[in-house]
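Heads up, the next two complexes both have subunit A, just with different partners, subunit B and then subunit C.
Up next, the complex of A and B:
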């Protein structure tokens, strides 16, 4: 009997201890993909995200004194695994980071039921910017429509009139995403838009698409590629001697490793981006001190200088800032998913805040509100100089007056198709 | 002891040819059904519903459809996923064009469309056999996925090119879409799968099933004894595609909630073919066993290290998982090339004669 009491006491003690440790952290899982066909582009992003959170945990003891449990759940970019991960993590998670348009589409309708914010920085559904309809989804700091608008703005209206623009895209929800905006702009400005889809099976062999490009002789090629498609398109462009300075990719098509394959021949290739690696930023020194020197990183020096790694840092910064704002508002460090939604809705990343974070120049300042879940930070045009990407433009801004009505219209269509869908008034 | 058949005398042909000539089989099935209908729904969590129970049932149904064609009628097909896609898109078009339609009726009707498409692509089977037929069905696979991508009417001109399941109500309860409860969806899937399974068991035991088996074994001999090969092969394609189409509609409407065209690409076809082969060709039970192995095992393996408290990175778990599943498939194929169903058949035989083996 005594034995039993002792055992029971031990169990009770363990339970107290157990709940104590569980409560002392915030669970912010990441649906990562370090395996599968998209791993090459996924790994640097995931490493950046992970290192930022590791650094916060080591330097500040987490956020607001609570450690962040930044566990990864492997999806391999497969929607099926993604849903499995979502179901597995949603019990304790304060956020879902779906990391694939397919998984986002799957999880998005459930967000109103499960009430966990979806954070999809720079991807997902562009109309998610409409916070009144998509109350739980965030694609901060810029959407795909922003990207398309900024690319056209960079080329310049006068250079587009009467010209032909080939839109080389992955034949997938992700690649089709900017089409409504591009079609509208093509009609407004008066250029010919030539959509050229690349099937998922043809990613690595785009000879048919580039034959078409050679035949049609477009003045510009705008590329919406991801994973193996980017390297395929860039090598094919070099092979067919398409002028590289007339080729512009979305931010997911600006991966250093894809360009390193062609090196000097890729000179002039451009990619729009909402992030930029600033290697001498104070943040990088902290990462070096608290993560790399401690041997806690999975990354390497070359990767850490790339665009994608620093984008991973920016993405984790957005989440961390959201948590911080939420903690201040809720008055407690242990926030709930709906607190975090408030936090992500009230982000105000100013130049001053970026300087405090040691991230000046790594991301443009932006601000979100209840009705605006994107923040529309704008972005920079990056150009490949043969060795790395360089910033070649001032801060570009998307045309809000064109995008906003489109967002509202598409969001309303989505809500209508998914009735009953709660729409907030955002007062 | 458990499976003692002594004393179970049959006094009529009818009794001898009954579905369960051995009483214990019926009891066992009863126990399984009680588990499926009562115990699992009461005990399962959301995670279990979404990653184990619902997908296993749907995959088993799809494999059953393929098994009718490949296992019973001997016509090799690599286009299963495309036929599932036909079912899913047909169901999507029906519920969006006719929102008043009962979702279950829509799901059952969507199979009719895939049956039609299946028969059309089954016509070459009248002239070609074996691997050559597999190539012909592969054409269906490529063509249909291409059609899902290009024919914008199919996905209601949605900008993303994907189909999204709307909230569908039935008698005041949501059965599909984001508002639907997993428990309700599980019961809908279970009911449809149960009815389909019963249908398949009876079809394969009846005249049609015997015709199919004769066609599979030696088609010339079958023709000589008066079996109409055209009828036999095309009915096999029809029934198989119907079941596969219903499975496809369930796949999207009761489980995934959204689908893009490349979901119905070859990997899914192969997955279902693996389930059918590992479970056992020419068996109904095998589809379930195969689905449990192929769908359930990775989930269990994935959650095991965390449950045991072993600190492994999730990407590592995934790598190990892929290797283990691959190794297990090879292991099962070496140990029992006729599939898990045959393994169960042997165990059952051993149990019947136990403890006095000859």
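Up next, the complex of A and C:
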């Protein structure tokens, strides 16, 4: 009996000690995918995110003096595994980074109950921009509808009127996400929209989809690709001799490694992006000093020069800034998920702040509010020059007057379909 | 609607015969690669009654090993030989560590063991090679990367040279396999083991040797398939899902029939492409390739449960 009493006392002491340990770090898990069919595009993003947090922990001792525990939970981009990861990590987490539109849609209804912010930078459900309805979800700094709007804006209304636009997309919630906006713009401008789905099993064998493109002769191809679909589409485009300068991909279809497969043949291919690698940025020097030189990175020199690694850095910066703002507001470094929500709602990433962070030119300035959870940063058009992506446009902005009413309408529909769904007044 | 189903597709075919030829060619290329993967399944099933779930990951593992060795500075063709060596070691290891202790166990146990092999190879491959997309060493292997253009009936027919090579190599591999199975002692031993395991063992055919051999042949097939598919869109773990396309081929052709695997693969490759282009896209919005082959195989199974070329199994109870 005495033996058990000692054990119980030891366990209680351990629990107290354990609580102390947890309190000295902020647990910000990442629902990563370094395995499976989408690993090729996931790895550089995850590496960028991880390296940014590693750098903050090494250089500044974390954020506000508290270390960030940036643990990864592997999902393989599987929605089921993603939900398992969410359930496993939510107990201590101050944030959920679901890393898939499918997983985001699954955890979204739980967000009001669990009250943990969902941070889905540049992905997820576009109406999450409406912070009154989606109080716990953030797709900062730009949504898929922003991307679609900017791509169409880049092509130009005068070039679209009366034309045919093929919309080559992954047959998955991610791929279908921009369809409402694309359909509205097709009706408004007067172009024919031709959706062409690519099944998960057909990602590397898209000959049927490209035969359709050859037959239909679209004037432009807009690609909503991810993972192995991108390389498959670009190689088929080269094979079909579709003019590369008439093909534009979403920001997840602008991965250097995908284009390196076709090299020079991919010249002219474009991708919209809310981030851009600036290799001589002061941030990169810190990453080199505190992460690479210390042997703490999982990345490599070639990958670190690419668009996706750089985007991973930007995504972690958004979270880190949210934590910092929350700490200042709450008056404590050990913030709660609710504090972080406030932080993410009050981001103000100005040019001056980007300069302080050593990230000038890596992401456009943006600002979030209680009602605006996206920030609508805008983006740049990047073009593949045969070796790497180059910026070929000034900052593009999505059409707020078209997107905002659609966001409000679909957010209201979502809330109505999921009643009782709390809606904030954002006063 | 009736016009769209029964008239319009055929009008389209006659109106643009060059496009029809292109569709058939793309179907042939896919079909022969499906047939190759299916052959890997059939060989192992014939000799051991094991449905090898690991065939898909073997394609990825073989292709990654080849590219990985080349990236380490090993010359391309030496990398091919070394990759074959790795696939042989894999075959020996699977036989010794996984299959031999399970001899005599129900088929489902052996099937589950191949799922274990799949998970192991995924982990091993990711630890050694990482999950990044890699460029197949097409040019280093001497595979031509240009295209041949024809203008039949004033139209356009583009044949990629790497696809022509893939069809040629796959065709030669199929012929070589058929010759091996029908004309050599070892090949006959594999067939004997498939036909009657007890009788085969009683005349001195070594189960262990045959299992190593068929798994090694499946490894060779995996390497050829990996090179062919990898040359089209890079080498990544996404290649694994292509193996699932072989399942309807097996249902259609029969799990035990080599002829069935070849004809089934070609049939599915071409029919799914024709259906997608002329019926699926105009009527159903496309992406019918994900289910067409399975529906076709199910229809065949309704009338011939053993598949088109499978042997009818009669068991006394």
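Just so it is clear, the second predicted complex is superposed on the first by the 408 of 427 C-alpha atoms of A that agree within 3 Å, B and C clash if a C-alpha of one lies under 4 Å from a C-alpha of the other, contacts with A are read in each partner's own complex, and residues count from 1 in each chain.
Following the convention adopted for this analysis, a residue touches a chain if its C-beta (ideal position, glycine included) is under 8 Å from a C-beta of that chain, and two chains touch if they have at least 3 such contacts.
Fair warning: this is a prediction, and the values are worked out from it, not measured in the lab.
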{"item": "Overlay on subunit A: subunit C relative to subunit B, clash or fit", "value": "clash"}
{"item": "Subunit B versus subunit C as contact partner of A:232, first or second or both or neither", "value": "second"}
{"item": "First, second, both or neither for A:87, with subunit B first and subunit C second", "value": "first"}
{"item": "Touched partner set for A:73, first subunit B, second subunit C, both or neither", "value": "first"}
{"item": "First (subunit B), second (subunit C), both or neither touched by A:423", "value": "neither"}
{"item": "Which superposed partner A:34 touches (first subunit B, second subunit C, both, neither)", "value": "both"}
{"item": "Partner chain(s) touched by A:207 [first = subunit B, second = subunit C, both, neither]", "value": "second"}
{"item": "Subunit B versus subunit C as contact partner of A:260, first or second or both or neither", "value": "second"}
{"item": "First, second, both or neither for A:402, with subunit B first and subunit C second", "value": "neither"}
{"item": "Touched partner set for A:171, first subunit B, second subunit C, both or neither", "value": "both"}
{"item": "Single subunit B stretch clashing with subunit C - from 20-28, 92-100, 146-154 or 326-334", "value": "326-334"}
{"item": "Common ground on subunit A, meaning residues reached by subunit C in one complex and by subunit B in the other", "value": "34-35, 171, 197, 199-201"}
{"item": "For the subunit A and subunit B complex, residues of the former touching the latter", "value": "32, 34-35, 71-74, 76, 79-81, 83-84, 87-88, 90-91, 101-102, 105-106, 109-110, 112-113, 125, 171-173, 176-177, 179-180, 197, 199-201, 410, 417-420"}
{"item": "Complex contact set, residues of subunit A against subunit C", "value": "34-44, 171, 195-205, 207-209, 211-212, 214-215, 227-228, 231-232, 235-236, 239-241, 257-258, 260-261, 303"}
{"item": "Footprint of subunit A on subunit C - complex, ascending", "value": "16, 19, 22-23, 26, 29-30, 122, 126, 130-133, 135, 147, 158, 160, 229, 232-234, 236-242, 244-245, 272-273, 276-277, 280-281, 285-287, 289-290"}
{"item": "Subunit B residues within the subunit A interface of the complex", "value": "46-47, 50-51, 55, 149, 159-162, 164, 166-167, 177-179, 256-258, 260, 262-263, 265, 299, 302-303, 313-315, 317-319, 322"}
